[in-house]
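You will see two complexes here that share chain A, one where it goes with chain B and one where it goes with chain C.
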Partner chain A sequence: MFNNLISPSAIAVIGASPDRSKIGHAVLQNLVNQGFHGKIYPINPSCDEILGLKCYTEISSVPGKVDLAVIALPAKLAPSVLQECIKQDVEFVIIVAGGFSELGEEGRKLEDSLKEKLKGTRTRLIGPNTVGIIFPHSKVNTALTPGERIWFPGEGQIGFISQSGALGLLIMDSLAENGTGISGFVNIGNRADIDEDDLMEMFLEHDETRSIVAYLESISNGEKFFRTVRDVNMKKPVTILKTGRTSEASAAASFHTGALATDDRVLDGILRQAGVVRAYSEVELLDFGRALAYARPLEGKRIAVLTTAGGVGVLTTDLLTTEDSRPALSMARFSQEEIGQLKEHALPIASLNNPIDLTADGSTQSYASILEILAESGNVDGIIAYALPQTPKIDTSVIGPIVNAARKKTVVVGVIGNRLTRDLMVDLEKAKIPAYPSVPRTVSAMKALYLRRMYLRRLSNDH
Partner chain B sequence: MTTETGLKPGMRNITEFEAKAILREYGIVTPRGIVFESLPDKIELKFPLVLKVSDASIIHKSDVGGVKAGIVGLYDLIEEYVAMKKRFPNSEFLLEEMAQKGVEFIVGVTRDPVFGPVIMLGTGGIYTELYQDVAFRKLPIGREDALDMIQEIRSGIFCKGFRGTRIDCEEIVGLLLKVNGMISGGKVDILSLDLNPVIVSASGAVAADAKISFYR
Partner chain C sequence: MFNNLISPSAIAVIGASPDRSKIGHAVLQNLVNQGFHGKIYPINPSCDEILGLKCYTEISSVPGKVDLAVIALPAKLAPSVLQECIKQDVEFVIIVAGGFSELGEEGRKLEDSLKEKLKGTRTRLIGPNTVGIIFPHSKVNTALTPGERIWFPGEGQIGFISQSGALGLLIMDSLAENGTGISGFVNIGNRADIDEDDLMEMFLEHDETRSIVAYLESISNGEKFFRTVRDVNMKKPVTILKTGRTSEASAAASFHTGALATDDRVLDGILRQAGVVRAYSEVELLDFGRALAYARPLEGKRIAVLTTAGGVGVLTTDLLTTEDSRPALSMARFSQEEIGQLKEHALPIASLNNPIDLTADGSTQSYASILEILAESGNVDGIIAYALPQTPKIDTSVIGPIVNAARKKTVVVGVIGNRLTRDLMVDLEKAKIPAYPSVPRTVSAMKALYLRRMYLRRLSNDH
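On to the complex of A and B.
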């Protein structure tokens, strides 16, 4: 259904401009720079050529079928241009301009006229008021920000839906730092037509997408949202960050229940009911998106912690075994036999009670053998492994053993520090091991994996 | 118009006695009780009793001195009745047996502007507002949702036993599912509902107080 959005064969940029300061230039530039291999048709009646591409006067003069049209023109021109796109049977249209319902009554009328035009047609609209879409696998990038200002992530497994355009772009810029990729990004803008529910369903059908993350400020249709997110989440993990909490309670506030029913409490209950892991910040949103895309499902709450720094192990234990906004997990207990095996591979000074601390004398070899024992253990459900560059004998060669362990058990990696950590982070990302640059982020990612397991169990009992 | 009784426009309230009659139709247990304007000569209820003003326009009865609990004998009852009749000369009164002591919960329903009817379970009684320890779900709910709500709130610990008090989790599950059936069945057009407290003890779950409002 969304094939021609995810992977169009021809894209028209209406309002393409040779002027580098114009959005119509940035959109075209991003498509060209990304290396989109389909046809690109810049449309501008006063130009012959932009960025080496032949320009057309209007959409009807384009010599082939257009799957996706980006309208980079001011709001007041959008309805008539949308009408032309509909006439040419363009399946997907993106209206970039703001100045619609977000600006009050006048704008709302303009937006209603867009909806009116779409009725009974095959054309679907993204926006208005959107920064665009990115699908790295098909090299589609209609972002309105020039590529020299931010990084765009490469191919990955995370489908990203964002109600905020700017925050979406900035999150992706941060993601790109360690080479995290995405399977797609859509800024829904004012969602006059395509909304978060359509996009969750789109990413569900999208083979490259393994986990879906959504940043939402409001929910367009509560009933539909609940059904969609519950059904999609059963098959592909969905993580949601919902902002704009208010303390306002609902209609019948003279009763206790009404007075206690703040939108945030209600949403919290509804996300639990749908089995959706909730993020409380933009950092958690993508942290959990990665964990749920990369890691094996967690089978239970017994976690083994492997570290080469005692303090890191203690802090991890504290956070892991404390109930915060997420449940407490437990420290795995090893059998006598396992402790015997662990002893064979560690220095006598190492501490072999969970957390296992190999100390600063720990070596990659010892690290690898111990990881293998943990991965085979019947007493362990998940492993938090720290790759800490302060330990002289530990380097990027720990990644091989981590990858092996991650084939058998749920593994989350913590990498603390700065100077030597980037290589570790980038290599772990390449190997699709969820890795995080802090103890709390590492622990929260493991808790998110546990929540998903718990929710799925309940949902499968209920159906 | 909003009055000092807290009644909102578009809402129609019924008395506690009427509300409890509806609850009983759905299998929810409420204390035995009678309604009257003047105290009858013969009382066939078992002491201790609770006397409440019965008036659909008074939502928070205890705030206006409209609840007297722990009435242990007939003499006591007459005295309390006379005092309350003075405060509410034009109202009826509800006299009920007091529920056995137990763990207090609140069960409620309200309409969320985005998600429609939602059900709530929380720590009840006088602690409701203090701890705000509540869990919401969208209606309809299933058994697993009900179990999950119990786990989500602090008072859910009593299902596992705490300081010598242990209650049967199934009593709460059963009550939540009955309320679910009441709202989701669609036969009654309830806008919002408060059962607070619901007292759960060895003798089951009893809705000791109940408020229901309908769409006008």
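On to the complex of A and C.
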């Protein structure tokens, strides 16, 4: 249903501009620079060509079929241009401009006129007031921010829905930290037509997407949202960051996108009922999205912690066994036989009670052997492994044993530091091992996996 | 009292080694590489020189006075070598080796023998089981981790006490993110003599230190700790990360440093009574340490939020006005006159209700003018300003207006993203503006400043 949005054969950019300061330039430039391999038609009656591409005077003069049209023109021109797109049977239209319902009554009327035009047609609209869409696998990138200003993620497994465009772009820029990719990004903006529900269903059907994350400031339609998120979350894990929890934040949200706020208690109930993991910050949203996309499902709450820095183990235990906005997990207890096995592979000074601290003398070899024992243990459900290349005898080859362990057990990795840890983070990301640069982020990711486990268990008990 | 520890004239490294894999090499190498300008005496009876420095057979054969001796020898040799240092009237001794009270009864006896020897002398001991000390202003660095493996912070304003050595080193490595410096670092280890109380007093007297942070797994002496932290915190802000909140974490802590855990409820009461800001992760510890060192004291809870990304403003409002492990703050309300002034400097599409969203069309000039109005406003106590160079008309020159505003009001800056934001973070750090790479970290830093304000207010009401 959304194939021509995710992987269109031809895209028209209406309002394409040779002026580098214009959005109509940035959109075209991103399509060209990201290497979109379908046809690109810039539409601008006063240019012959832009960025080496032949220009057309209007959408009707384009020689072939257009699957997706991006309207990069001022708000007041949008309705008539949308009408032209409908006439040409363009399946998907993106209206970039703001100046609609988010600016009050007059803008709302303008937005209503868009909705009117769509009625009874097969044209679907994203926006208005949107920074655009990104689908790395098909090299579709209609973002309005020039590529010099921002890092665009490459191919990945996370489907990202955002009601805020700018925040969405900033989050993606942050993902450059360890080269995290996405399967797709859509900024729904004022969602005059396509909304979060449509996109959750789209990502559910999208093979490249393994986990769905959404930033929302309000809900399009409460009842429909509940049905959709419940059904989608049964098959692919959904993480939601919904702002407007306090009355002050609701007010801020309504100034931002013009949408009416949903009572947070109602929303929270809906999310709990649907078993959706809730994030409380932009960092958690993608942290959890990664964990749920990459890690094996967690089977229980008994966690083993492996480190070469004692304090890291203690702090991890502290956060893991404390109930905060998420439940407490418990420290795995090893059998006497297992402790015997662990002893064979650790120095006498190592602490083998969970957390396992191999100390600053711990070696990659010892780390690997112990990780293997943990991965085989019937007393362990999940492993938090700290990969700390500051430890003199630990090097980046620890990634091999980590990948092996992650084939058998739920593994979340913590990597704390800087210089030496950067490459390791990128390599872990490539191997699709969820890795985090601090103790609290590592622990919260494991807790998110546990919330998913509790939900799946409830689901199987219900049937 | 601690002058010869912070800025010694001569340091002996007992057990200095030419073998690069030995701790006795790393300690000497760090002193040399960091450019310590006092005398360095390697002590090793079987070498003539190491790293170009003449070696001595024992501490008594060193020609001059030694202020600080680092004993980098196995645990069992430590008592007799400590005795030699005492004989030579060495004021400060660091014993690096582990293998004392953290390993049980036998080790505890060995540690007791160290304490015995110190009695009635003027020699003070750091450790045993310590990674060492760092004082960047005097280029003292006795860390046992080679400089290739870790980033050592430069000169700064934060005094850092850590009971865990490895975690302390990892935290410092993480500070490389934006080049945060420290005024000093001491890993107290098993604290057979010098403990957290001594060091809080040391940093209180240390002019370069503006804020003190401590990672603790247990408390040396509850009553003394309470008196010390209360007295020190009145004059310099103290932030404490104390682990072992749950019984499982207490157990982990006792395996780590051999210290008995303190009941967390008792400790929490002590910290509240003393008005100390409590951190719950290694990230918060240094985040709050920076905020309390750099920012002007907050005068109240009315916060203005300035952004060019609407969603960032909404999420900030959400976290700021929610009570979590810290109190909720409130959104500043501008007067009609102020809103009129703000309007003059913003585009019509900008949202001037707090949070102020200049939108993706916001410019550096508009940002600067509005920041100035906020800094002058009688309705604003603190400002959270997002510096987002992904916004096309915003560039890194926003740092000037931010520095100006920070002269008048409490300013905390959020910088989200990657490529373009790195340099900005470093520049903000140089200007001693507390800046953070995510919404939750930015908001939590402001909340930490508010906790300090509440404490100072209580203090002035009590007198």
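Simple rule for what comes next: the second predicted complex is superposed on the first by the 446 of 463 C-alpha atoms of A that agree within 3 Å, B and C clash if a C-alpha of one lies under 4 Å from a C-alpha of the other, contacts with A are read in each partner's own complex, and residues count from 1 in each chain.
In the analysis below, a contact is a pair of C-beta atoms (placed from the backbone, for glycine too) under 8 Å apart; a residue touches a chain by one contact, two chains touch by 3 or more.
Please read these numbers as outputs of a predicted model, since none were measured by experiment.
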Touching partner for A:Ser363 - first (chain B), second (chain C), both, neither: neither
Partner chain(s) touched by A:Asp268 [first = chain B, second = chain C, both, neither]: first
More chain A residues in contact - chain B or chain C: C
First (chain B), second (chain C), both or neither touched by A:Asn30: neither
Which superposed partner A:Asn141 touches (first chain B, second chain C, both, neither): neither
Touched partner set for A:Ser183, first chain B, second chain C, both or neither: neither
Partner chain in contact with A:Ser211 - chain B first, chain C second, else both or neither: neither
Which of chain B and chain C A:Phe255 touches, first, second, both or neither: both
Which of chain B and chain C A:Thr410 touches, first, second, both or neither: neither
Chain A residues contacted in one complex by chain B, in the other by chain C: 251-253, 255-257
Contact set on chain C toward chain A in their complex: 21, 98-99, 103, 131, 144-146, 149-151, 162-171, 173-177, 215, 217, 241, 243-246, 248-249, 251-253, 255-257, 280-283, 308-315, 317-319, 321-322, 324-325, 328, 330-331, 349, 351, 353-355, 357, 359-360, 388-392, 416-421, 437-440
Complex interface listing, chain A residues touching chain B: 219, 222-223, 226, 250-261, 263, 265-270, 272-273, 458-459, 461-462
Chain A-touching residues of chain B, taken from the complex the two chains share: 6-8, 10-11, 59, 106, 108-116, 118, 120, 122, 128-129, 132, 134-138, 141-145, 147-149, 152, 191-194, 196, 211, 213
